[in-house]
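The following blocks contain the structures, represented as structure tokens.
In the two complexes that follow, subunit A is the common piece, with subunit B as its partner first and subunit C second.
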Partner chain A sequence: MVASWRESMRWQHTWVGLVLGALLFAIFWMGSLSVFDKEIDRWMMPATRLEPPESLSLAPALASARKVAPDASRWRLMLPTSRSPQMRLYYPDAGGDLQFVDLEPGTGRPLPPQGTLAGSEFIFPFHFSLHLKAGQLGYWLVGLAGMAMLSLLVSGLVVHRKPIQDLFTFRAHKRLGRANLDLHNLTGVVGLPFHFIMTLSGLVIFVNIYFPDAATLAYDDAADPQGRFIEEGLGRFSRPPAGEPGTLAPLEPMLERARAAWSGEGPAFVRVWHPGDAASYVEMRRSNQNMVRINRDQLYFDGGTGEVLFRFEAMPLMKTQRFISGLHFIQFDHWPLRWLYFGGGLSGCVMIVTGFIFWLQARRKRHAGQGAFRLVEGLTVGSVTGIILATLAFFVANRLLPLEARFAGYERAALEVWVFFLVWLGAFVHGWLQRSDAWRGQCWAIAMLAVAAVALNAVTTGDHLLKTLAEGYWPVAGMDLMLLAGAAVAVWSARRLTQHRAVRLREVEFG
Partner chain B sequence: MSTSGGMAQGWLRTVQRIGLAVAGGYGFSLAAVVLLAWLLSAVLPRSEAVVLAAMLGFLVYLGVSLWAFAEQRLLTLWLVLGGGSLAAWVMVSLAPGVA
Partner chain C sequence: MVDGLLLLAVFACAYTGMAWLALSQERHWRAVRGGTPGRARIRRLRLGGALWLLLSLVWALLRDAAHFGVPLWVMALVAGGFAVALALTWKPRCIEVVTALRH
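This part shows the complex of A and B:
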């Protein structure tokens, strides 16, 4: 019975891992980068490389909002933080799509548009939605992959008879096959708590998307059970516009009241609903900088009088859900932990790629010529080195495209995204054509693009590595250093693969 | 498994198993979440009951989807996971609030 249980888990681990490995790698890769999404923003949006403001004034930003989006139904002002010095104004356009413009925090003046989605609008949403918007398809695919990841962690543990021993085993000097499996076990077992908690917390964030019918019976008296549940659990206030013009009271007193209510902490954002209308109101959400929990502490003020309309704080279990979400989001300030998350995420990437390589190695002798084997071979290359290459191409395109670039009706930001997806697609094709030799070529390409990105940042912005290091400007210096470190790893991998190939060819020659 | 008929049957069983693990597992978990939320709402504020039940739903899903690969008898899987999914469908589509 035990043997067959282990056998069934081995089967599950092999095939679920194979089918969802590519998707999981993309999610882990983008998630690891998202840990530093704001720093990637600074690198990709040079106009936002600003000092954090010493004091906050909202009036100039509101004046800008009136100019930029006079007819929008709401404005959301994301306030500056230690990682995002600019103010970001989000507003729905005429079609209802959310747009944003960055504002200089002191003067409220719009910063020159940078024409990029950068880290927080491309890489971060890719991590959880894959940018597939139709019917939340991306969310559901990521959810499926997340559940598969949890089950792979469990089945992987069952398959390994000696998980404790795996903690201390990495025979890097052995043949690539042995070293590869050691590395898979090592990252899998050492990283297990991190990977399990991150995957589960990632699912818990979207509990309302993945179990949209959870409230059916508990709220069976409501016409819209889920809507009522969200209203009660997460707090929501709304009222329709009056249809008559009104003036907005000054926001500073509201800010003061919010700070008093939240033990001195300010809001993460200020949202003005129905601006210019007599029934306008102002929403403030407490900052997450000093707590793990992505809180739902909210204050709503009457736009005309500044009186408090509604105050909300979640109940304990909902706070727990927000705490678990916060563990995943890591929006609080903690640099050592942020680096550990980055390392943990990358160790997950290593675990996935070594799993793929193990699958291929186990079958290379018997099935090398078969179509299915070749399909997996190309899939692995494209989904591993391919997405890294595409990401670097995204960075390089960001530094190469002029600010006013337009092509075939696409805005600059969309062009960057096109570069990403076309390079990714090309990497798959290259993988299917060149087979296992494609690894080497793509490693060299990664090294070259990473170095090119660092050079282009220096040339186009003047913020070269020596300068940013001397000034201690870590968002850009850190990104450049990581690019160089990545290039070094890519060169090392390419050289190791070259040696491996020489050995393989000798084996073929001499039997 | 040696004959092609046996192979085809093996594939059919595998497809059933995966379908039961993914879809049946979800349906079963949803039924558990909806019921548990309702039961817990007797002792907790309703929104608290719902969020707790829904979070536990992921662990239920993890458990039953792994079990779907370990349990040899497909009939048992159909009864439990198929039955659970049917129960979820009945609850969600026939709940009084929806009418």
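This part shows the complex of A and C:
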């Protein structure tokens, strides 16, 4: 048994941090990148580097939908925004799986498929689901990590003893152990508001998954509590197809009515249910660009007459939940906040890696030879520099694989994901073999891959940095600049690690 | 233009407020100014620091209204805190600049 409350908190902080640190780093890293998911999309999908359209016309896009997915039971058209200039058509294929194709916003013509999941379909879902779909395992692991993170923030404050007195203290010039712990405390305590709000709101987003019986408890007298919850909480309208052909009324008047209903704001997407059927209907969901809340405002129109069938706006409790979610999702247009979130997320990454290093430093002398210590050493390298390396390999693969690439039955998009996971796995193996020397090697590899990604973007798309900077095309220029900045940090770290190693070797020789 | 200036004001006030609060702690006062701050000075620095932070909130609310302004302010405080900690470590001169007023 542990002696005191503070000791028990220290024990909790040490071991929960160790067990879930790798997972938390992956979530923080992918979350930090996710605030720029659309910009990563532009970088990885050169065909979508378009000017946002000046006016919106839906008819050409609908004509494309009829060609691409004539038999689909619904089409969802994501409308262009300042960050995503293309139109994206989602539709279920014959097997019921959701497919998408990007359309040129003006002409509605399908853009050449880019064969990538990019930021919004790989990096962003990785952040909250780890791409482990079976039994929603990924969601639950992330939820567990989120709860653990909240408890780590609390126990960290207790263990710290003097969080206020040491608030601004960073003794970078002292020995590594001191500087590392200062950095852990600094990123933890100064960044606490961000870490706490993000972790809590992240859990609130998936309340339906983490608290699956909530609907049953709230609507225990209803025949179908889950359905009733969706109806009242999230809004839903549906009607079966008539089985007879019908024509779709023009969508422009419906758009006008939606804008009028939503104080001038347009929809984020338009969904046509049962296209081509006499009972078809059109759903519009209000855009989130100008509000924090991920709203549930919906309008449904009759496909034949264009009359409003149903209007929904969430009730106060759901609006609150949606506000908290929106704070996390940052889908609204606010560039200063977007950059601040990015910085906050990276400070969380620093907090986690310094925590790992503290654990290792405290035990290096006594346990260096033991298997468990070596296991953690490799785990740390693989989960920190390894995932960064894997992400960069994902970018590089995106620029190297030809558009029609296929291998062993896998589509191009899946190949990129394979590259990611294989490089990540390789980084773990490298970490276990090379131990603490692996940091240096992986830092050099990160620098080289980051520079290679910038160079490959210039060669394969012609949008080199000078051009994008001159044109002020920030999605690609910003991504390239961040890659170069990352490379610079990696080189600096690798050189510091080399010096550190030289000192250590001298100590061994002359010690 | 106005938006940009207001944004600058949000960050400048958050940074200045954090710098004042940092100097109200003996360790940082000694490192930047030398000697020890008196009790009255510590009180003034804390009160002044809090006022700077409040002023930062005012600019944030003026720029973005409550729904975006409050998150912006909270994040500006975090950024200001990091900036002050890094300045104390590497460029104490940057702390002196914003705390040179009489207090």
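Keep in mind that, in the parts below, the second predicted complex is superposed on the first by the 506 of 511 C-alpha atoms of A that agree within 3 Å, B and C clash if a C-alpha of one lies under 4 Å from a C-alpha of the other, contacts with A are read in each partner's own complex, and residues count from 1 in each chain.
Throughout what follows, a contact is a pair of C-beta atoms (placed from the backbone, for glycine too) under 8 Å apart; a residue touches a chain by one contact, two chains touch by 3 or more.
Note that the structure is predicted; figures quoted are calculated from it, not measured.
Q: State whether subunit B and subunit C clash or fit side by side on subunit A once the two structures are superposed.
A: They fit side by side.
Q: Taking the C-alpha centre of subunit A as the vertex, compute the angle to the C-alpha centres of subunit B and subunit C, in steps of 10 degrees.
A: The C-alpha centres give an angle of about 90 degrees at subunit A.
Q: Go through the superposed model and pick first if A:M318 touches only subunit B, second if only subunit C, both, or neither.
A: Touch partner of A:M318: subunit B, not subunit C.
Q: Scan A:L186 for contacts with subunit B and subunit C and give back first, second, both or neither.
A: A:L186 sits against subunit C, while subunit B stays out of touch.
Q: In the overlay, work out which of subunit B or subunit C sits against more residues of subunit A.
A: Touched residues of subunit A are more numerous for B.
Q: Quick one: classify A:S155 as touching subunit B (first), subunit C (second), both or neither.
A: First partner only, subunit B.
Q: Which partner does A:F194 reach: the first (subunit B), the second (subunit C), both, or neither?
A: Only subunit C is touched by A:F194; subunit B is not.
Q: Once chain A of both complexes is superposed, is A:A222 in touch with subunit B (first), subunit C (second), both, or neither?
A: Only subunit B; A:A222 stays clear of subunit C.
Q: Looking at the overlay, what does A:M147 touch: subunit B (first), subunit C (second), both, or neither?
A: A:M147 sits against subunit B, while subunit C stays out of touch.
Q: For A:S347, using the defined touch cut-off, is the partner it touches subunit B, subunit C, both, or neither? Pick first, second, both or neither.
A: A:S347 contacts subunit C only, not subunit B.
Q: Touch check for A:M9: first (subunit B), second (subunit C), both, or neither?
A: first
Q: Taking the superposition as given, tell me the minimum C-alpha spacing from subunit B to subunit C, whole angstrom.
A: Scanning every C-alpha pair, the shortest subunit B to subunit C distance is 20 Å.
Q: On subunit A, which stretch or stretches are contacted by subunit B in one complex as well as by subunit C in the other?
A: none
Q: Going by the contact rule set out above, which residues of subunit C touch subunit A in the complex?
A: Listed in rising order, the residues of subunit C that touch subunit A are 7, 18, 22, 25, 27-28, 64, 67-68, 71-72, 74-79, 81-82, 84-86, 88-90.
Q: State the interface residues of subunit B toward subunit A in the complex, per the touch definition above.
A: Going through subunit B, the ones touching subunit A are 22, 30, 33-35, 37-38, 40-41, 44-55, 57-58, 61-62, 65-66, 69-70, 72, 88, 91-92, 95-98.
Q: Can you tell me which positions in subunit A touch subunit B when the two form their complex?
A: 4-5, 8-9, 11-12, 144, 147, 150-151, 154-155, 200, 203-204, 207-208, 210-211, 213-225, 229, 232-233, 315-318, 320-321, 324
Q: Can you list the subunit A residues touching subunit C in their complex?
A: Where subunit A meets subunit C, its residues are 165, 167-173, 186, 190-191, 193-194, 197, 291-292, 327, 332, 334, 336-337, 340-341, 343-344, 347.
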